[in-house]
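Multiple structures are listed underneath, in structure tokens.
Shared chain: chain A. Partners: chain B in the first complex, chain C in the second.
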Partner chain A sequence: MSTRTGAAQRPNGSTQGKICQFKLVLLGESAVGKSSLVLRFVKGQFHEYQESTIGAAFLTQTVCLDDTTVKFEIWDTAGQERYHSLAPMYYRGAQAAIVVYDITNQDTFGRAKTWVKELQRQASPTIVIALAGNKQDLANKRMVEYEEAQTYADENGLLFIETSAKTAMNVNDIFLAIVDELDENVEVPGPNSNKLSKFSLLNKTVGVLSKALFAKIVFPISINRKDSIISCDPSL
Partner chain B sequence: MMAKSSYSKVDEYGFERPTNFNYELYDHFMSSYIRVLTRRAQRWNTLKYDIYKKPSTLKRFIRKGIPSDIRTAAWMHISGAEDIKNSSTFTYRTMKQKISNQSIIDIIEIDLPRTFPDNIYFSSHEHLPGMLFNVLATFAHQNKEVSYCQGLNYIVGLLLLATKDEESSFWLLKILVEKILPQYYIVTMTGLLTDLDVLDELVHKYEPLVHRHIHNIGMPWAMGTTKWFICLFSEVLPTETVFRIWDCLFYEGSKIIFRVALTLIRLHKDKILQTSELGELITCFREMKNHPSVINCHQFMNDIFKLSGNLSNSTIDKLRIKYGKKKL
Partner chain C sequence: MDYTFPEKFDLIVVGTGVVESMLSAAASRVGKTVLHIDTNDYYGGQWASFNLETITKLKNDDNSSSNVRNPLVLEENTYCLGNNVFNVENVQFKYHIPNIPKKSDVSEDTSNMELDEKWSSERLLKESRKFNIDLAPKLQFGRGDFVGLLISSNISRYAEYRCVSRIITWLNGKLHVVPCSRADVFSNTNVTVIEKRMLMKVLTSLNDPEEDMKNYENQTFKDFLIDKKLSPNLIHFILYGISMSSDETPFSEGVGNAKRFLNSLGRFGKTPFLYSMYGSGELPQAFCRLSAVFGGVFALGQTPQGIIMHDNKFKSLKLGSQHLEADHLIMSVDNSPQQFITGVEKKYISRAVLITSSSMIESEKEHLTLLFYPPENGKNTVTLIELGSLTGTCPKGLFLVHLISRQNISPEEDFKHVVENLFLSEPFETPEENETARKPEILWSAYFSLPDTSESDLKSNVPDNVFLCPGPDLDLDYDGSIKMARDIFKRMYDDLEFLPRAPDPEEIILGEDEEGE
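This part shows the complex of A and B:
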């Protein structure tokens, strides 16, 4: 599936710059918080007990960046090992993946590495991979050190950030960092600087996010993938 | 019990109704369905155990719905669960005492609060999560090939809500996983992958336009229908509709799943054909539970048996062999 770019009409009739649409997949061990991260990003909600996902769930979210509207098509997959054989259909053709682990569980970090390896071997060579260490609110029970994950991410050219779907910490940021990373690879007319501070979420259920939230994005990003190419379809 | 729930935001099994639930339509349906239920209860009550002696009458009766108060006994009897219980070397109680594998215990415990968290019985009933654990863990210990597969938690959750009995739920789970459904829950999920191919061929035969459209958009059946097979329509269709399907599933076998799947696709044919991209198509599949014909479970069950052509277990088994071999 390609990222489509083209002119779009705003509700008030003025012409928007362009629309980018891309497919993103969440992978990771069962109960690390994949569905919770998506629910937080898409609906601004958190459920202490999120139903276990069978097969996969599909959600969308749209965000605005300068004159660009970005539509995420999000595939939230089942975590249990035996659902693994169904995973390729979800990451096939995806422009981005968030591989999630639980910072309080070392095994889930190992599983995350396995997913990264599989993506590097079998997904699109231009896929942007973000590693998310979730449940940061439980840092007092931490079993995976931040530095360990950061080093691993650096070595493998991954975006890396610790998140908490519960407190919302860094949740929007990881999705937006992915856009930023994808954007690096697209020819975007107009000013490119300080993009993140100009993001606003369109989805009303999320509520208005302050610019300050996005301005404070200073998380460590290791970018080694400058070779990604996103096809543009101006006909949209 | 059912009459009271017609205006409640929670259904008779403790599930919250969807926010866009059509109460007017539901009320209209229930006013006639209550008469159906009363009549069915009288008919079953008149025949009592004699009903099991006449297969053709039994099949007709089951298709029209088993009264909820005798469902546990009827399911146990018609599925063969009663037989395997009686011939088993071990009692449920002895098997339950063998729960010991910590990794199995851990993985099931994670899913307990994640099974129907919005259901009022699961969130307020102090024993229900414990019963769910016992059934899943006992099953996992006695079937090493399946052990625990996510999705079984929803099936056992519904079994417990229907039967209110831990031991019956265990035997019904055992007969479902080990006899009625083919290899869905084993580590490779071979049976699921095969049945998705079988569904593809059946849709091609019954609804060629839908088949072509779905292939054009590029939706693998697993994306839209994995839950149909793995959860046996729990979490997919309204609870009463699911139990009516299970009535037939326990007696007639897994071919029923294909009748339901084809009927759902047929009912949503126009909507499916109107979709133009994958996201829309997936959303269409996800929202099938809101279709008036799906809420009217009595009509829906009529519809699934109106599908013409041969959908016998032997037809399905032949297709399973055809596609199963391909995977080896």
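This part shows the complex of A and C:
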């Protein structure tokens, strides 16, 4: 999945503000609240006994900031982290990651550090990584000190926030902090149309985008049938 | 194995190759409970992609029984997994460059040093993670079954593609770009105007179902092209380029190949082919991801002690201290117990991978190139795929060249003529000589043999509820794998649909049951 970035275009060509789409992946040990954070952010819900999400490749949430519309494509691990079997494909092309741990469980903080290392080695060098200390509502059972996590985050250039999917504390904030950071990270592409085209085989309509301000552009070059649209990214 | 798994599944899958992964996804998708494991700690088995460091994990099985971890039969009715028949063999790696960067003794101009820095093995290994080296490189026909399946099942969202941007061939000791679309034909400067007309006419007639071609039933495709009074160059382009055939290819097969090629033109780019970014090893992962999204349980790096049979049927898998039961067992053929594959013929695909310093045909724009090297002096057709950094399989400024052929003698022997004609194995003494040769320099090479099990009998000695999945075949696309996966799926779940469309994110309704309370 690529970032689709650009200005929404009306038929007469006038622009309407930017639209960006980002792939964000969640990482972290089982049961730290990854899915709960997404559910809180996307649906504003919390379930005490959250079952694994079945059938969702990823969830989407759109956020409007000033004149920019940001569409998050949020990927959950689908349980593949459980027996240490998360595929490298999972974080390919991700612009952002939230590494989640449970503040009441020191082991999950250790695992979070391993995930950060893995992302630094394997993922895109410009990926924005946020560390989320979840279950802040259980601060009385805290095993990971705030300062310890903050220091680690500072040393590794990570965003850091403690969250509670249960009370909704800081959940929206962490996503918005990522948007801010992404805004700074992305570079403005030059005209480089003589590069090899990159395709996503999508089966839904993608709006016509142009005049991108961000790093990657995807626009449909041809529409064959209702169910298949081919988008082409000339900037990569 | 410090894990505890649930003890009962509908299906257990061992191996994460393309066919196994499609079946895992298909079963999970229709609600079956699936345990999917691999003995390796990576996805893909013989379909995997590696970086420059991890590919050295591939080793020859010097001791022919090393893959059989235990004696063949542990106890009565318990079979060991793994065999010594279907392994990657003849594995060789070589650096063609010095270990450490040579001190530049010529260059006094320091401003140029950065650009001129020579590649060394040390420098290549620093970039190791930028490589994604396929064991089994594949291209997809734009209108082929595989792309169709990716789109119809909604798995397409997991992968990104690059289009093959040119097809070339070897003719009269030179590389030529094959004109394959109408625009190409007319912009090609090597083809005369009259040839252009003839070529268009033949291409059109091949695509026309009305055209009467019955007269050629017992002849070769080449006979047909000669009868069409095409020039030798055009015959070469159509025979070796567009229809990927040889002099002996029967007419019907040659026409079929050409049609498959022509049908996929114009959907995505200038050629009919797509290549998955970050390597072909991404695709099994995409199917595994779908399987996981629909509840499949995944565990890599697992070593089952064996499978337990009852009444000549698979009963359970012994993993750690657990006995995991399932109605069906699917295994990649390299995981198959010896007992299930007795008498299966051994065949191999010759493979080579080269890291080169430049493209076979230099160009301002980075190309993704496909080359069909025609049969020569008793050697088989060699398919070459040249990938640049835009495919996410090698660092900027380098190219990854895959060579694929039906194995005749050994990978090195089978590719010797191609490598000599197209590349420089040893750099010349002086830069001037290199310049005049104008061939890409080989920095690193790998040779190996992949077992070809696509035509093997994987049914006769296998229990009813066990299915063996073949490894990679010689076909460019995954058509054979899809057919095999569909066939096995039908044998297991006759009444269910194979990979129906997965819902879009917008269609997922969460917490529905709660709302009802």
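As a convention for this text, the second predicted complex is superposed on the first by the 162 of 236 C-alpha atoms of A that agree within 3 Å, B and C clash if a C-alpha of one lies under 4 Å from a C-alpha of the other, contacts with A are read in each partner's own complex, and residues count from 1 in each chain.
What we mean here is this: contacts are C-beta pairs under 8 Å (C-beta built on N, C-alpha and C of every residue); 3 or more make two chains touch, one makes a residue touch a chain.
Since the model is a prediction, treat every value here as computed from it, not as a measurement.
> Touching A:141 in the superposition: chain B (first), chain C (second), both, neither?
Touch partners of A:141: none, neither chain B nor chain C.
> Examine A:39 and indicate which partner it touches, taking first as chain B and second as chain C; both and neither are also allowed.
A:39: touches chain C, not chain B.
> A:117 in the overlay: touching chain B, chain C, both, or neither? Say first, second, both or neither.
neither
> Which partner does A:49 reach: the first (chain B), the second (chain C), both, or neither?
In the superposed model, A:49 contacts chain B only, not chain C.
> After the superposition on A, what does A:30 contact: first (chain B), second (chain C), both or neither?
Once the two structures are laid over each other on A, A:30 reaches chain B alone.
> Counting only touches as set out at the top, which of chain B and chain C does A:78 meet: first, second, both, neither?
both
> In this superposed model, does chain C or chain B come into contact with more residues of chain A?
For chain A, the partner with the higher number of touched residues is C.
> With both complexes overlaid on chain A, does A:87 touch chain B (first), chain C (second), both or neither?
So A:87 only meets chain C here.
> Across the two complexes, what residues of chain A are contacted by chain B and by chain C?
After superposing on chain A, chain A residues 1, 47, 52, 54-56, 58, 60, 73, 78-80, 82-83, 85, 89-90 contact both chain B and chain C.
> Using the touch definition up top, name the residues of chain A that touch chain C in the complex.
Within the complex, chain A contacts chain C at residues 1-2, 39, 42-43, 45, 47, 52-60, 73, 78-80, 82-85, 87-90, 92-93, 121-122, 194-204, 224, 227-228, 230, 236.
> For a test of understanding, state which residues of chain A touch chain B in their complex under the given definition.
1, 30-31, 47-52, 54-56, 58, 60, 73, 78-83, 85-86, 89-90
> Tell me, which parts of chain B touch chain A in their complex?
107, 110-111, 113-117, 149-151, 153-154, 185-189, 193, 220, 222-223, 226-227, 230-231, 235, 278-279, 282-283, 286
> Help me check something: in the complex, which residues belonging to chain C touch chain A?
Spelled out, the residues of chain C in touch with chain A are 3, 43, 129, 147, 150-151, 154, 156-163, 165, 267-269, 274, 277-278, 282, 285-286, 288-290, 292-295, 297-301, 364-368, 388, 390-392, 502-506, 508, 510-511, 514.
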